[in-house]
Amino acid sequence: MKSDSMTLRRWVNRVALTLTGLCALVTVSTLFFLLGYITLNGIGAINWEFLTQLPKPVGETGGGMANAIVGTAKLLGLASLIGVPIGFFGGIYLSEYGHGRLAFWVRYASDVLNGVPSIVIGIFAYILIVLPMKGFSTLAGGFALGIMMIPIAVRTTEEFLRLIPASVREASYALGVRQWKTTVFVVIPAAARGLMTGILLDLARVAGETAPLLFTALNNRIWSHGWTEPTSSLPVMIYTYAISPYEDWHRQAWAAALVLMLLVLVVNGGARILLPRRRETA
Amino acid sequence: MSTPSEPVMPPRITPPAEEPRVEGAALAVEKLNAWFGSNHVVKDISISFPKHHVTALIGPSGCGKSTFIRCLNRMHEVVPGARVSGSVLLEGDNIYAEGVDPVRIRRRIGMVFQKPNPFPTMSIYDNVAAGLRLNGTNRVSVLDAAVEEGLHLAALWDEVKDKLRAPGTSLSGGQQQRLCIARALAVKPEILLMDEPCSALDPIATGKIEELIYQLRERYTVGIVTHNMQQAARVSSFTGFLLMGELVEFGATGKIFTNPKDSRTEAYITGRFG
Amino acid sequence: MQRHFDEELKQLRDRLLAMGGASEQIVGKAVKALVERNLALAQEVLREDTAINQMEVEIEDLCLNLMARYQPEAKDLRTVAMIFKIVNDLERVGDQAVNIAERTVDLLKEPLLKPLIDIPRMAALAQQMLKDALDAFVNHNTEMARDVCRRDEQVDHLNDQIYKELLVFMTQDPKTIIRAMDLILVGRHLERVADHATNIAEDVYYLVKGTTIKHRLAGN
């Protein structure tokens, strides 16, 4: 009897262990398959020309996506300028100060915003910026992406600040340190690594957004000057090239995908290496 | 043999003086009540903490002793929904009077918590200097002196003097707790409150902290909450016993532990509680 | 590790030694009053015993306090427990001195029965035992403690001798009975002092070694 139940338990253990292992394997292998497949297809088309040249006119082979790479960088820069401060301070408010009704509504609104389809946000930016300014622009695209960043920035900031134990805040209060100083000099530094990671993940997420850009930044086959002209961006270029009938464009779409992916990976990995690790209390 | 001419009656013996000498109260609590929401956790407690003595508060878990001690430097109100009534006189001034800034009170009444909580991103030096720095002191010479003094007072200097730049969290649990004591002392409080400062430590580290607490009474008034009554017995001159939010008995520690007046105190300290 | 308990233990020890000194002294005074037929000195003894009683109460209280507050272990525990016992013996020594002084007050009402020879010798022996027992306590000297225990027999022997000698006086002349009885009692009180010294020495041995030599348990 006893040995029977032991055998059963051993079997259940083995099955459960195998299943969890399998799931872990699927997760990791999907990622590597994706990376591998994109690399395999994209690596051939990546060369100096691709990174530095403008697209060739339709029908000619060769050319590059330099304008899309710069466009994406500009869009993300502008988006961060809008999304990060709002999200960051909103998150600080929720974690450090928000206890009442207002906090509830802020949290609720940010959750709803997070659930709004990205195309709707595109339309929102279109109505708010493109129509009054009578033209597609980097500004409109950056604005749309910035709006998309807010809810995630709010939530990650709040979550990572909440990870800092109350005892650390109390230690500071007990020294007669004011709350804002505690937040700025004790809590935020302690959470810095997590906060940066959260923001970068946020950035990586919007970097691949296509739909809101179709209504706002549109596309451009040449350089976009300043902030008020339509601009090309990697996701939109991938979309445009991938659905085109030209073999050469398909190859370039793969290359663009690879560049976009590497961008995200480098930003993410670099941040992880550079940021100081938070020391765990023994 | 003859009977002695006059019976020899020695004079009456006076009982030994048990009360430790007291020179006034550093902190006088009058009719203090505290709530969490509708939960009444501290009920009408009046007690005074004699200057330059260690006063211990003992009682079973949930008796309100931690809440009570947190009311003494206005840390109770940090928790949402917390409420206090009554008065706490610090050198005669009510810290709950209208217009009193709790932040200033906390600079005068320091606190050490149950679990060692050094600031996670700061070095040993920065931890001790934090209180001064965050309150606007930036002169290096002042900070250096304060850090060294704090670490000396916390009996930690010799162990860390060669690695002041090492992270505070790299120390052992007992050392971390002494670091927290050094940090609290560096802002030069008048009173030091301790909320179960040894409950997360092993016996050797506990012994060191207890020795430290005993020595601190020479410069500070110390209030300590503990569920370890032996600890209260070892370190304090006065002991109060709390039960269900009420102060059952208060007196000289020697008296409480040899001859308590209240039967509930006796039951608790002899382990016959409940 | 430094412990403030050690400080308090030292204070307790110092107070015990002060009480020990007072007990030695009071026995000496009582015997001196008897030998020198000094009424004033005998009355002084009666007064001084109060101080010893007071010390007993205080030290007992201190012991209880230390036990309650520090829960001493091992040698610390034996030290506090033995001090608690030694204090009792010392207080009894004081009482014996009082008894001797009371006999002296009586004896002084009548002329000297005979020159005192054995009683001063016995007193010297008992006092030395008491002193040595306390020295053994201070120095944790078990050899000295054993030696004190051995010397108890000499005192017993002298006591017997005094008793027999005075018995002769009493059977020969009934008028001497009261004085002889008083002297016999003095002998007995001194013998008790030596007994208390022996008790203290035994306690010291136990304190140091953790084993007892009482009741010949050490096989000596």
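Every chain is named by a letter (A, B and C) in the order it is written, and numbering of its residues begins at 1.
As a working rule, a residue touches a chain if its C-beta (ideal position, glycine included) is under 8 Å from a C-beta of that chain, and two chains touch if they have at least 3 such contacts.
Keep in mind it's a predicted model, so treat the numbers as computed, not measured.
Novice: Ignoring subunit B and leaving every other chain in place, which groups of chains are still linked through touching?
Specialist: Result with subunit B masked: A | C.
Novice: Could you say which chain's mean Cα position falls nearest to the mean Cα position of the entire protein shown?
Specialist: B
Novice: On a CA-centroid basis, which chain has its centre farthest from subunit B's?
Specialist: Farthest by centroid: A.
Novice: Between subunit B and subunit C, what is the separation of their C-alpha centroids in Å?
Specialist: The computed centroid separation for subunit B versus subunit C comes out at 46 Å.
Novice: Can you check how far apart subunit A and subunit B are, centre to centre, with Cα atoms defining each centre and the answer in Å?
Specialist: 49
Novice: Taking each chain's centre as the mean position of its Cα atoms, how many Å separate subunit A from subunit C?
Specialist: Between these chains, centre-to-centre, one finds 91 Å.
Novice: Can you name the residues of subunit B that touch subunit C in the complex?
Specialist: Touch residues, subunit B against subunit C: 1-2, 4-5, 8, 10-11, 13-16, 18, 204, 207-208, 211, 214-215, 230, 233-234, 253-254, 257-258.
Novice: Flag every residue of subunit C that touches subunit B in the complex, lowest number first.
Specialist: 1-5, 46-47, 49-50, 53-54, 57-58, 61-62, 64-65, 68-71, 98, 102, 105-106, 109, 178, 181-182, 185
Novice: Which part of subunit B faces subunit A closely enough to touch in the complex?
Specialist: It is residues 73, 75, 78, 80, 103-108, 110-111, 113, 115-121, 130-131, 134-135, 167, 169-173, 176, 180, 183-184, 187 of subunit B that touch subunit A.
Novice: Quick one: which bits of subunit A touch subunit B in the complex? Just the residue numbers, please.
Specialist: Touching subunit B from subunit A are residues 99, 164-165, 167-178, 181-182, 185-186, 189-190, 192, 276, 278-282.
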